[in-house]
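Two complexes are shown next, each including subunit A; its partner changes from subunit B in the first to subunit C in the second.
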Partner chain A sequence: MTAVITKPATPARNHRARQVARWRRAVPGYFMLLPFVALFCGFLVWPLLNSLYFAFTDFNGVKPPGWVGGENFARLWTEDTRFRKALLNSLIYVACAVTLSTAASLALALAFRGTSWQDRIMRTIFFLPSVTSTIAVMLIWRWIFSGERFGLANTVLSWFGAEPVSWLSTPRWTIPLLVLMAVWGGCGYGMVIFVSGLNAIPEEFYEAARLDGATLWQQFRYITLPQLGPVTTYVVITGLIGAFQVFEAVYIVFRAVSSVGGVQDSALMLVPYLYDMGFTRFQLGYASAIAWTLFLIIFVISMIQLRFTRAVREL
Partner chain B sequence: MTRLLRIPLYLAAITMLAPFYWMATAAFKPVPELTRNPPSFVPGDPTLDAFYEPAYDPAIRKDEIVPGLFQRWEDVPGGFLRFIGNSLLVATTVTVLSLLIAALAAYALTKMDLPGRRVIFVVVVASMMIPWQVTLVPNYLIVRNLEWLNTYQGYIVPALAKAFVVFFLVQYMRAIPDDLVHAARVDGAGEWRIWWRVVMPLMRPALAAMAIFVVLAEWNNFLWPLIIVQDDTMANVPVALSRLNASQAFNPQHMGVIMAASLLTSLPTVIFFLAFQKHFTRGIALSGIKG
Partner chain C sequence: MHRRMFATAAAVVLLAAGCTTGGTDTPQQDAAGPAELLFWNTGSDEQAASLQVAADRYKETHPDVTVKVQAISWDDGHAKVLTAATSKSGPDIISGGLSWGIEFGELGGMIDLNAYDIAQAKQQTRPELWNSITSTDGAVYGIPMDMVLYVFYYRPDLLEAAGVTKAPATWEELFAAVEKVKASGVVTPLVEEWGTFEWLPWFNYLKQAGGALYSDDCSQVTISSDQAVLATTTWADQYRKYGVPKATVDVGNGLAKGEYAMAIGASYLAGGFDAAHPELKGKWQTAPLPVGPAGAGSFVGGKIVGAMAHTRFPQAAADFVTWLYTDEAVEILQREVFTRGGELYISPRPELLDKANASDNLRQTLKATLNTVTGPPNCKGWETSGSEVSKRLQAVVNDGKDPKAALDEAATIMQDNLR
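Now for the complex of A and B:
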């Protein structure tokens, strides 16, 4: 037997050939990625970089942007009292809204996690606000909290003999009302996530605990809560991110004639302020500085979330 | 414990429904009844005047006659129906196109051996942390420079690249066995064919879940249209509602019409939800648990 070797196969040559073949096979894949990547770069990455650049300029949309260095950020963080108000309002609102709606979601999930028709109807009812147009909901709230005597909120107050309140023009009611709207609108969404989290806990854990004589509270404290840890993190983090971006509630319900933020800016928050600076005053450079501040806040929150690292690890 | 929890929660359910009920009654109350004190909880004399007021004549304007919802926006052909049409057109186009684009990208990232795919995926996932409002100002300028303000392109094109959808579809696509794809390759099928014939049919539940999210988000989209729409004709329903509210905010006589419009805006999504409830909750559960 004689072996005819035409080309001596060296390892290096094999490797190169394999690399070329790999790239060739990959070509249709890059074409498949192209539409997404092009749009992603054009309407997300490029605008993001632009926005960062604008944040250091005095851009007003008409004149070419002029570089001002860190002046926007300096003004924003040290001098601007409206921004301080917006940030403070946002922080109070976010803290209250997220805590209350997470607690409400968990309670709802514990109560209505079953498959009976009553539970399903209740879940549907609590989820309805999540699928209703935000603007429509906000218009309803505006109508309910009408300052007149015939408003629903004032009518309910009158049953208890209380005087009517002009809800929307009393600054100290603003944040509580916004929190109420957030809990009403958001508890159903968290509930659905908690229900699937609860149903993923193995029933054996509870059986074992019952055999050991654990009370209901102990079962909740030492099985349910720890097992729900990752789900709770997810609900809280997405809740935080969503709450920092609130806009419609402020714009529709509280906007006063002269300002987006309602009476004495009591409802002013980060995104409404960004809108106000960018699109009613056209201080686009300054608005970009607000946008990047919002980004920084959300970035810090997101870093806490494990989703990012876990998703990357999986690939 | 759970049984004890239930009693106050049943009461809470009534409060959940109260705003919807208050909207629905207002939409069918005659104008004088809207401002009656104390208010009526059941419309005493239900009427469709808030939708169409027979006594209204655009030629003779009287303050005490409030035009119905479908008699407003005289300069917009079709009036309120036009806004519903705009919203539907944008929502369906964005949903179909963004899902196709995302599914293609997800296939390339999971089922093909692309050099650099890891980097691309990391960038896509990282971008989910960016609040989209950061791109508001630059995107407004891009759309303005393209002369897309007030156009459907202005609505649709910037909304097509959805990182979250890619992320979700990638998660789901990983569960599809690679052997299926390999077998198809051995049979000589091209990548596009495998994507469309083998993988896409298996992706149906994930695509349905994402389609629901995207349709809803687009139907309710407000801030972006608010910025790019200058002319009433191009408004979507939320922007039209907000403008209706802004023009009549301090006159309770118009609240019936505003509530009628809110009712018509909410009903389609609520019906949509009731019809596809299972997909909804599954989609949310998947995104929440897997994330």
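Now for the complex of A and C:
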């Protein structure tokens, strides 16, 4: 560490000297940032801007893109019934998956928030899906819900004398299965966040409440839940973003029975639809329009969620 | 304020730079020097290794040309080839689904092989197959590399136990056999494999009923005809009445365990039955698909092989692609594909079927089937329409939708995509 020593001088010279000193201190930092900035621009900013440009073109991946203005967005919102199906499926899936996943995370956090070895083991077990390869997990889900008799779900059913079910080929099962996979895979991560939130609530609050005769439910309702507000917002918003971007579950599990989107598009979500349009049908311009529409949807819903949480907190 | 202006200016510059992406140059003549060709073969590692043996033999007579074969999977092969075409880098030669040539070729990603010597390959290929890989404007972006046919597999012992003395030859015999076999205690008498619950198996019924997807000149969609309605009803009855599973099944395992007695599946399955299930050896037979009111008919699939537009060695790539049609190359592939992966390689040259590693029964089945095959349509927009047609057909089975109404919807989509 080198100190910069300046002689007493006029205010202008002092100011200039301070600026030079600040630059000298800052330059190594900027140099150290350069690799990150280069990678950030090359692999995030640049593709993002390209994709924004492509959303207004008829780019097919090979021929040079031609400018079509807002045609892709107009087609998406006014003509494309498949997009509407994907949007509806996504909204139902997101609502169910995020609600159940958050509730399960909170329940697990309340159950295993302690520091005993039993609680630590349980937290580790529930957190395991978050650090397991998604592809491997999805392949196992595919096997569990295989339509044949060796599928685990059908094996269990057969113990009770039930006929095997074509889980993945039956549209009414599609979203419930996707939600099940999401809750199983996501509640461990939410649990860890909630545990840290729970442990940050001062114990004095509960002691005071108990002295006032508050029941366990009242303590949960009037202390735990309000104190967990910011944590809940974080869990919900990250869960919401993740749920809107669901891809592997649809692509790996339901591709076993039909083209992208599953039987009758019952598993079609926005990102698989985007993939299908871009990489199966070569409509990369249109796929970019879907991507930016998805961004706007997530952005608007997140803003509403944040405003709503803030409004509730201010009540 | 200045920061915001700088950020906006930077974004505009980046955006403008993004607009310059792309190019149109297509090499026509080989670059100087020895050619090193990268061949992406869609399929298994064993198939790639078999092709590498063929490529090494090719090098013995073409010392200036080295072909390196890499396997890419069917799951992401399509996206990988698109990425290669977009970035104008990667393989010089690719193989993939029969329709990939037209798809990538019309995008500008593959070379029209008409500029090279493919006359003999055309002459040696079945016209139905050649038609499928020829674009409506006559361009040929990839020539057939192998064929996959539909085959009727069955366990004669299970059929006999149910009182069925021979393989069903007609639709009526097929469904009568299903009922008898079911009554004899076989859980799932009939299964479909290869495009299960998609348009592929339905296409067989369509041909057998006398229907077609498009008119011969691709000017009209003909999918909502009476024949197509009959085909759709019969196809849907498989699932609704006769318990055919809607999900893909392990045919070999089911036949070996006696859970399935009959299967309509792809020819490539045959090679693996005995190797994966030794207990099945000598217990299974094949026959052509049962015929419908209009006679026999089935779908033929397979792979094309062609040269990418960005290759620096188009002539060398085209030469190697056409060399795969020679007796020598076919003989190597038939032997190596079977030895390494237990798979049956069916060359697009039907006269070489006699040399394939297959039983007499299977060879007879394949020969009989080859006479009545139809490939995927080469009409504009079919690739986009195919999955949409599947969804409408699935609604007939799952929602009890009227077949005529479902086909009318499919016809509208196909007609839109045809424009």
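Convention: the second predicted complex is superposed on the first by the 273 of 315 C-alpha atoms of A that agree within 3 Å, B and C clash if a C-alpha of one lies under 4 Å from a C-alpha of the other, contacts with A are read in each partner's own complex, and residues count from 1 in each chain.
Everything below uses one rule, namely that a residue touches a chain if its C-beta (ideal position, glycine included) is under 8 Å from a C-beta of that chain, and two chains touch if they have at least 3 such contacts.
Everything numeric in this text was worked out from a predicted model, so none of it was measured.
Novice: A:273 in the overlay: touching subunit B, subunit C, both, or neither? Say first, second, both or neither.
Specialist: neither
Novice: Tell me which touches more residues of subunit A here: subunit C or subunit B.
Specialist: B
Novice: Please indicate which partner A:170 is in contact with in the superposed arrangement: first for subunit B, second for subunit C, both, or neither.
Specialist: Touch status of A:170: second partner only.
Novice: After lining up the shared chain so the two structures overlap, which partner does A:146 touch, if you call subunit B first and subunit C second: first, second, both or neither?
Specialist: After superposition on chain A, A:146 lies in contact with both partners, subunit B and subunit C.
Novice: Per the contact definition in the header, classify A:254: touching subunit B only (first), subunit C only (second), both, or neither.
Specialist: In the superposition, A:254 touches no partner, neither subunit B nor subunit C.
Novice: Touch check for A:60: first (subunit B), second (subunit C), both, or neither?
Specialist: second
Novice: Return first, second, both or neither, reflecting whether A:281 touches subunit B, subunit C, both chains, or no partner chain.
Specialist: The second partner, subunit C, only.
Novice: Output check: A:124 vs subunit B and subunit C. Expected answer is one of first, second, both, neither. What do you get?
Specialist: first
Novice: Thinking of the overlay built on chain A, is A:265 touched by subunit B (first), by subunit C (second), by both, or by neither?
Specialist: In the superposed model, A:265 contacts subunit C only, not subunit B.
Novice: For A:93, using the defined touch cut-off, is the partner it touches subunit B, subunit C, both, or neither? Pick first, second, both or neither.
Specialist: neither
Novice: Using the superposition on A, tell me which residues of subunit A are in contact with subunit B and, in the other complex, with subunit C.
Specialist: 45-46, 50, 61, 146, 148-149, 255, 279
Novice: Can you check the complex and tell me which residues of subunit C touch subunit A?
Specialist: Per the touch definition, subunit C meets subunit A at residues 11, 14-15, 18-19, 21-24, 75, 78-79, 82, 85-86, 103-104, 107-109, 187, 196-198, 245-250, 254, 259, 383-384, 387, 390-391, 394-395, 398-399.
Novice: Sort out for me which residues of subunit A touch subunit B in the complex.
Specialist: Residues 22-23, 25-26, 28-30, 32-33, 35-37, 39-40, 42-48, 50-51, 54, 61, 107-108, 110-112, 122-129, 131-137, 139-144, 146, 148-150, 152, 155, 158, 184, 189, 192-193, 195-197, 200, 216-217, 220, 231, 234-235, 241, 244-245, 247-248, 251-252, 255, 271, 274-275, 278-279, 284, 287-288, 291-292, 294-295, 298-299, 302, 307-308, 311-312, 314-315.
Novice: Contact residues on subunit B for subunit A in the complex?
Specialist: Within the complex, subunit B contacts subunit A at residues 1-2, 5-6, 9-10, 13, 15-20, 22-23, 26, 34-39, 101-102, 104-105, 107-109, 112-115, 117-118, 120-122, 124-131, 133-142, 157-158, 160-161, 163, 166-167, 170-171, 174, 190-192, 195, 216, 219-220, 222-223, 227, 237-238, 241-242, 245-246, 249, 252, 255, 258-259, 261-263, 265-266, 269-270, 272-274, 277, 280-281, 284-285, 288-289, 291.
Novice: So in the complex, which bits of subunit A are touching subunit C?
Specialist: Result: residues 45-46, 49-50, 52-53, 60-65, 146-149, 166, 168-171, 255-261, 263-265, 279-282 of subunit A touch subunit C.
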